[in-house]
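Let me give you the structure first, and then I'll get to my questions.
We just call them A, B, C, D, E, F, G, H, I, J, K and L in the order they show up, numbering each chain from 1.
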Amino acid sequence: MTMVRSTLPESARRIAGDALQESLVDLLGLSLIGKQAHWNVVGPRFRSIHLQLDEVVSTARTFADQVAERAAAIGVAPDGRPETVATRFALQGPKDGWLRDTEVVRLLVEALEAAIGRLRERIEVTEEADKVTQDLLISVTYELEKQRWMFEAENWPRED
Amino acid sequence: MTMVRSTLPESARRIAGDALQESLVDLLGLSLIGKQAHWNVVGPRFRSIHLQLDEVVSTARTFADQVAERAAAIGVAPDGRPETVATRFALQGPKDGWLRDTEVVRLLVEALEAAIGRLRERIEVTEEADKVTQDLLISVTYELEKQRWMFEAENWPRED
Amino acid sequence: MTMVRSTLPESARRIAGDALQESLVDLLGLSLIGKQAHWNVVGPRFRSIHLQLDEVVSTARTFADQVAERAAAIGVAPDGRPETVATRFALQGPKDGWLRDTEVVRLLVEALEAAIGRLRERIEVTEEADKVTQDLLISVTYELEKQRWMFEAENWPRED
Amino acid sequence: MTMVRSTLPESARRIAGDALQESLVDLLGLSLIGKQAHWNVVGPRFRSIHLQLDEVVSTARTFADQVAERAAAIGVAPDGRPETVATRFALQGPKDGWLRDTEVVRLLVEALEAAIGRLRERIEVTEEADKVTQDLLISVTYELEKQRWMFEAENWPRED
Amino acid sequence: MTMVRSTLPESARRIAGDALQESLVDLLGLSLIGKQAHWNVVGPRFRSIHLQLDEVVSTARTFADQVAERAAAIGVAPDGRPETVATRFALQGPKDGWLRDTEVVRLLVEALEAAIGRLRERIEVTEEADKVTQDLLISVTYELEKQRWMFEAENWPRED
Amino acid sequence: MTMVRSTLPESARRIAGDALQESLVDLLGLSLIGKQAHWNVVGPRFRSIHLQLDEVVSTARTFADQVAERAAAIGVAPDGRPETVATRFALQGPKDGWLRDTEVVRLLVEALEAAIGRLRERIEVTEEADKVTQDLLISVTYELEKQRWMFEAENWPRED
Amino acid sequence: MTMVRSTLPESARRIAGDALQESLVDLLGLSLIGKQAHWNVVGPRFRSIHLQLDEVVSTARTFADQVAERAAAIGVAPDGRPETVATRFALQGPKDGWLRDTEVVRLLVEALEAAIGRLRERIEVTEEADKVTQDLLISVTYELEKQRWMFEAENWPRED
Amino acid sequence: MTMVRSTLPESARRIAGDALQESLVDLLGLSLIGKQAHWNVVGPRFRSIHLQLDEVVSTARTFADQVAERAAAIGVAPDGRPETVATRFALQGPKDGWLRDTEVVRLLVEALEAAIGRLRERIEVTEEADKVTQDLLISVTYELEKQRWMFEAENWPRED
Amino acid sequence: MTMVRSTLPESARRIAGDALQESLVDLLGLSLIGKQAHWNVVGPRFRSIHLQLDEVVSTARTFADQVAERAAAIGVAPDGRPETVATRFALQGPKDGWLRDTEVVRLLVEALEAAIGRLRERIEVTEEADKVTQDLLISVTYELEKQRWMFEAENWPRED
Amino acid sequence: MTMVRSTLPESARRIAGDALQESLVDLLGLSLIGKQAHWNVVGPRFRSIHLQLDEVVSTARTFADQVAERAAAIGVAPDGRPETVATRFALQGPKDGWLRDTEVVRLLVEALEAAIGRLRERIEVTEEADKVTQDLLISVTYELEKQRWMFEAENWPRED
Amino acid sequence: MTMVRSTLPESARRIAGDALQESLVDLLGLSLIGKQAHWNVVGPRFRSIHLQLDEVVSTARTFADQVAERAAAIGVAPDGRPETVATRFALQGPKDGWLRDTEVVRLLVEALEAAIGRLRERIEVTEEADKVTQDLLISVTYELEKQRWMFEAENWPRED
Amino acid sequence: MTMVRSTLPESARRIAGDALQESLVDLLGLSLIGKQAHWNVVGPRFRSIHLQLDEVVSTARTFADQVAERAAAIGVAPDGRPETVATRFALQGPKDGWLRDTEVVRLLVEALEAAIGRLRERIEVTEEADKVTQDLLISVTYELEKQRWMFEAENWPRED
């Protein structure tokens, strides 16, 4: 039984709902690996990266809330339970234990890049289905790309 | 290789470290199921419970951070990665989808009660090992017991 | 005589101007019926709904201001006079006198749903005419859909 | 059926209730025409008057809320619905479209003067009926007379 | 010996002083029973009423302070000691132990109604004696009547 | 020529205007002698009295502004020029030079008492003329009587 | 019937509950006699002590709330009704009427000392029963001992 | 060598990068001429325009930062050096020396109109290339059009 | 008898003391005539000038306090009593009654210019006597010259 | 025609005016190159330097405003237009494109050193002309020397 | 002569007093060497460490105040005079002159480690003597261990 | 080796550096003896002096930071280590143990007077060497002279 009705037609609801559910998992996952790195980073750049990671976590948490409430708003029950995040989260996270500062920077560049690539696809598919959802995903992308640039700038010289 | 040395003797470090790691998983898990219920609750008490859950989440996040940083402070690398939270989290969470307000209240009473029981055991075992860690766990228990009372008071009349 | 010139070509100005003028009436009307319900609600959920209605009113007032100033910004004189609001406002408002809390919830779900439906049409028609106006209407819709979800979640179980 | 009982005897309740209901309409009407002028004013004094009108609107909204809640507090259901405001509002509002700054100043002086005259009568009739209501109406009059003076001072030289 | 002299003639000082002393006891008593209910309320409306009671307590404490300092200001030593509050407080308070939410609402309506009735008498008797004291008692009545309305609205449907 | 018209009939305007003009002089004078004492006080209670005097000055300045703007609001041009304050101010001020703390306390008790006596007369005469003005003078009296009590309490044991 | 279940075994619940209930009475009593002295103090140190007493009252109120909510959290209904405070409060309060500043200082030193002595006993008895309750009582004692020192320092030279 | 890699394909990167670089120059230029007018304006409307110009400058600075950081985020090094602003800035600025208030208003209307026209073209060309950049340019346009309206409203009657 | 000793040699103390005493009178006088104009100004620029005058008054009051406390700090009892301000204040103030906005602007330019000329002389004479006092007078001059420019800019075109 | 008259004699006005105009160009230039480096810096110290540069920019902008308004206050029209900044700015700025963090530090040390040298000369020449202007330039130098030290400390070990 | 009496028995007072006095010296010493390093650090990590040291200083100052006031509260006069800090402070401080960033990090790790070791001993000895003092020392240790971890994490790779 | 280069010529650097280093020791010493008295003062004026001393400490700490950073800014490594403060601090501090309030007042007057006398000499010697340093020392003197006056005023009647 549908407890919260939608203001969208069913197919639009499903497309937008899927885009939001996947974004929710990515953002909750990012908030967890951001905190993991925040606690475990070591090295001469410890303080700088420790603080920067908290901005990533704060951004990820705020948008996770908005994305989940947007799903509810269009009649889709969001799923952010621990088991869902663990099984559906597709970004590469840190290994167990202490993490060198250089590793953390590289890890964040890659995780953010992957998240951004997935978000850009969802921006395309929601264009027709729901412009309001699309607009929210654009805002998420804007902030994650800003975060990615800062880690990328800090990642230089790269060892490609 | 131990990257962050401890100010505690090894056995104390291990006991306190285990207590903190387990508490970290419980608190991160609580923050995720608290948000899940925050987004999915329906029923006449929606607004009241929706807001109250955000206080649980905020409490759980703040203490997760303190507990993890306490682990790091005694030379134990904390583990709060998605897969760790999913596999180690022992409290009962909500099922997928919308949740009736009465179910949410009962669920929270039970999850908080379970977390409190586990914390009280850790307060005992850390008494000798590390009084500083014990004091932090006492603060966590104080707040979770306060939250539990409020859901319990709201859970009345109970259907035992 | 046109006192404030437009930065838009005439046809775009007229389309965007109409969309904004209609939205202005809907938002001012919503702010008035939101307050009416805020003052007259009775029943066991009085406090919860009394407070939630003030958030609707605050949202409606803020966007009414933005929408009217957007109209002025494109050279269209907005009309929010009492007689205009009364004659053009098409949403269903509350009857005179005290209102049961359950009635208020149902009334708000319906009023918000109607407002959202009308906004979604205006988002379509302004796509070509003025993307800046469209973006504002998307923001209004985002917030009203969030408010609608909360009353809808509180409206359960529904008596369809 | 009376849903909210009164702490006043019936005749006092009716006198105070009428005074409050009429004041509510005047204040809601003032808030709407204040905003209308705020958006449509043009001329060299645009910015000054644009800002001053927002103070009138803010005053009118705050007192409308207090007046309506006072009515509820004495067991009278306040009526601030769009149609009521439109049909009962007796003050002269602005015409449709852009408004010259000099016109706006004159309009506000007149609207405030009319509202003040009506309030002063209600201060008299509520003296016996309910001193608490009278005290609120005195506060409203104090603020509106202050606003009136400022527009009057700005209205000089007058073209009587 | 009179330590603080009065700016009022003796009979006016005595009338106003009595009115203030009695109001002080009512307000201190209200603040204590408000807290008692705040701590002991149980039932599905727990959170809503728990929070609302803190507003009553805050109002009662603020006015108790103003009323007592007003007494001192006119040369009357206020008496708010535990034994005085216990023996002079005439409003009906809660019984010992947990309190159902519905009982709390009814109790507050009655306690506030009784306090208001007593205040209205004092407004009459201080009219001649001291208009400054009267004005303070009018403010107290305004706030308590507002609080009473909110509990009354929540008390519906009543079981008269 | 009258530049700001009044909302009061002429005789009411004159009575209220006189009461306000005289109060303005008293309040401006109080603010000046309060500061004079604030700067020149010496003795073991220096800090306590130095701080308390700033509260008197702050109160006097705030009310001087309200009283003068009230005069303007009823069409009476207020006069707070240095020469007016000097010639019309009837309260006893401090002598030139340093002031003992005990002298300052006695001086303030007397100045406040005189100001209060004059205000109480004006409360009587404005009752018929303008209740709005009367209400403002009641507020002024309330605050000055509170200040007087504090200096009086500090003035003990008195050397009557 | 027990409405709020406890997370403590019964004997621990009773010991901790008694300690909290007695502390609640002491703290509510302190807040009342603190205010009584705040209003009635006279003498050259009036302002200093008047302000310092408000810090005592604020401390006592904050801890009364925490202590009562801790009782509820362990399933014990707290009792802070006027008659309970009056009959159970064991500390020496002020006599009726104005109070000399020196008397107030001595009175507070004694009342705080008595309260501290009783709290220290409860810290002992709750060690086994409930470390979380014990930790709260330690915090209360910390603040009251700080307050006591300040009055003691001000009480010098003592007339032992 | 590219130091910061892009998340966009090369052609999209170039189109969005050009749009951002040109907008950066316009916004930095606007912030400089806004300040120039802020300092040099004279005439009876000095204060009003002086303050309004600071809002333009604040808006221009905030968006210049966002636009430049957006360029960096997509791997394009932004260029806001003095010589670049001076040679690329295409809007009409003020002449040297004091500026009449009427001239300033006209100048701002024209400079903002020109900037808006250029922004609207960039909104079109970035639609395909990068919706995230487009969304930022829409926000910039929204604010500049609002500023333009206010100066335009103040510019009346115009001397076309 | 000198109650507060000086850290300056006697001749330096006298020179600095005189400079401060004269500045005190100028600043207190400015604060009174600034308020007088604030209350009595009429004309189309009412609001702008009304607000700007409050900045002059606020500046004058703040510096009067600093200047008087500086005098006390070097052992000179400052004199800011009403009679002193009235007899020593040498700047041209407004006439009684309502004041045209253009007159107010001209009046402020002249009063500030006079005050600045006098301050510049005192900056010279205190150079040797007391650099700390000189530095304070430089700060006063900086602010008054800024205020003067703003009125001067608003005073254009002048009718020299 | 001189629109804003000066309170300084002509030669003093010219000397102070020149010093202020040159300082304005240096500060506006610094704010632009500070932002340029803020956006383009790359390397492991990215975050630290990115943030520190915003403090330089904020300092430069605040002082540019004060310096320009000081020029206006002494009757000299300040010139901060883009073309003026570009042609008169004598400090070495960054090249186009991304900038290594080590380069940025060195660049800032040099730019600040050059600016400080020029300011110290102006402090000398304004001593006679205008002590108020001199005092402002001393404040600017104080802040820029503090900023220079921090970059210098970070620049170590230097490659002289 | 004992001026402030203790609430503790004599032997407990001496044990707790000694623990507090020694902690006071350690904390004051830490605040001084923290500031010394804050001012003298040089090297590429200057800004990060400069800011982190201010957090150490702020922590040390806050706890020094609490520790000293706790000593006073139990009747022990604390001694934090310069000569006492210099002769009793046992932690290794920095040498005179500039300090390399790597040296500062190592120095802080060692100083904090030594302070923590000493605090842990005092936590043991105060367990019986005074649990309130013990609780304060646990809080101090918690914060210093957190600070130590951050410098330790930054100290990696260590050159053991 | 000089790690931070100076913008001053060598002799100026040495003169200004010495003045700053000596002022640093005086200010750090003042902050320590201010706190010592803050904790140990007893007597009827305890609270007043306890609070006033915290303002002295706060002033001394803020200026110590500015003075030390000014030294660094001109290339002089400041020395504020415990042993330096202890051996170089020339002002008279309090004896060990509790301090009577009257003694504290006298002590502070003397310590501040001594510090001021030394600062005034340094203002002279830095005039030629570095006006920026001189300006900072003038600010320090301004605040310390203000503090001295307040203790001096409180010190009356003096026992010269």
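Note that in this section contacts are C-beta pairs under 8 Å (C-beta built on N, C-alpha and C of every residue); 3 or more make two chains touch, one makes a residue touch a chain.
Labels paired with UniProt names: A, B, C, D, E, F, G, H, I, J, K, L = Starvation-inducible DNA-binding protein.
Quantities reported herein were computed from a predicted structural model and do not represent experimental measurements.
S.K.: Please tell me whether the contact surfaces of chain D and chain H are same or different in residue numbering, using the over-half criterion.
M.R.: different
S.K.: Provide the C-alpha centroid distance between chain C and chain H, rounded to the nearest whole angstrom.
M.R.: One centre to the other, that is 32 Å.
S.K.: Please work out the Cα centroid separation of chain E and chain L, and write it as a whole number of Å.
M.R.: Taking the mean C-alpha position of each chain, the two centres sit 53 Å apart.
S.K.: Where does chain C touch two or more other chains at once, residue-wise?
M.R.: Residues 3-4, 42, 45, 48, 69, 72, 135, 153, 156 of chain C touch two or more partner chains.
S.K.: According to the definition of touch, which chains form touching pairs?
M.R.: A-B, A-C, A-H, A-J, A-K, B-C, B-E, B-G, B-K, C-D, C-E, C-H, D-E, D-F, D-H, D-I, E-F, E-G, F-G, F-I, F-L, G-K, G-L, H-I, H-J, I-J, I-L, J-K, J-L, K-L
S.K.: Okay, in this complex, where on chain L does chain I touch?
M.R.: On the chain L side, the touching residues are 113, 116-117, 120, 123, 135, 138-139, 141-142, 145-146, 148-149, 152-153, 156.
S.K.: In the complex, go through chain L and note every residue touching chain J.
M.R.: Listed in rising order, the residues are 3-5, 7, 69-70, 72-75, 131-132, 135-136.
S.K.: Chain F touches which residues of chain L in the complex?
M.R.: Listed in rising order, the residues are 45, 48-49, 51-52, 150, 153-154, 156-157.
S.K.: Can you name the residues of chain E that touch chain B in the complex?
M.R.: Listed in rising order, the residues are 41-48, 50.
S.K.: Please give the residue numbers of chain J that touch chain H in the complex, ascending.
M.R.: It comes out as residues 3-4, 28-29, 32-33, 35-36, 39-40, 42, 64-65, 68-69, 71-72, 77-83, 85-87, 89, 93-94, 96-98.
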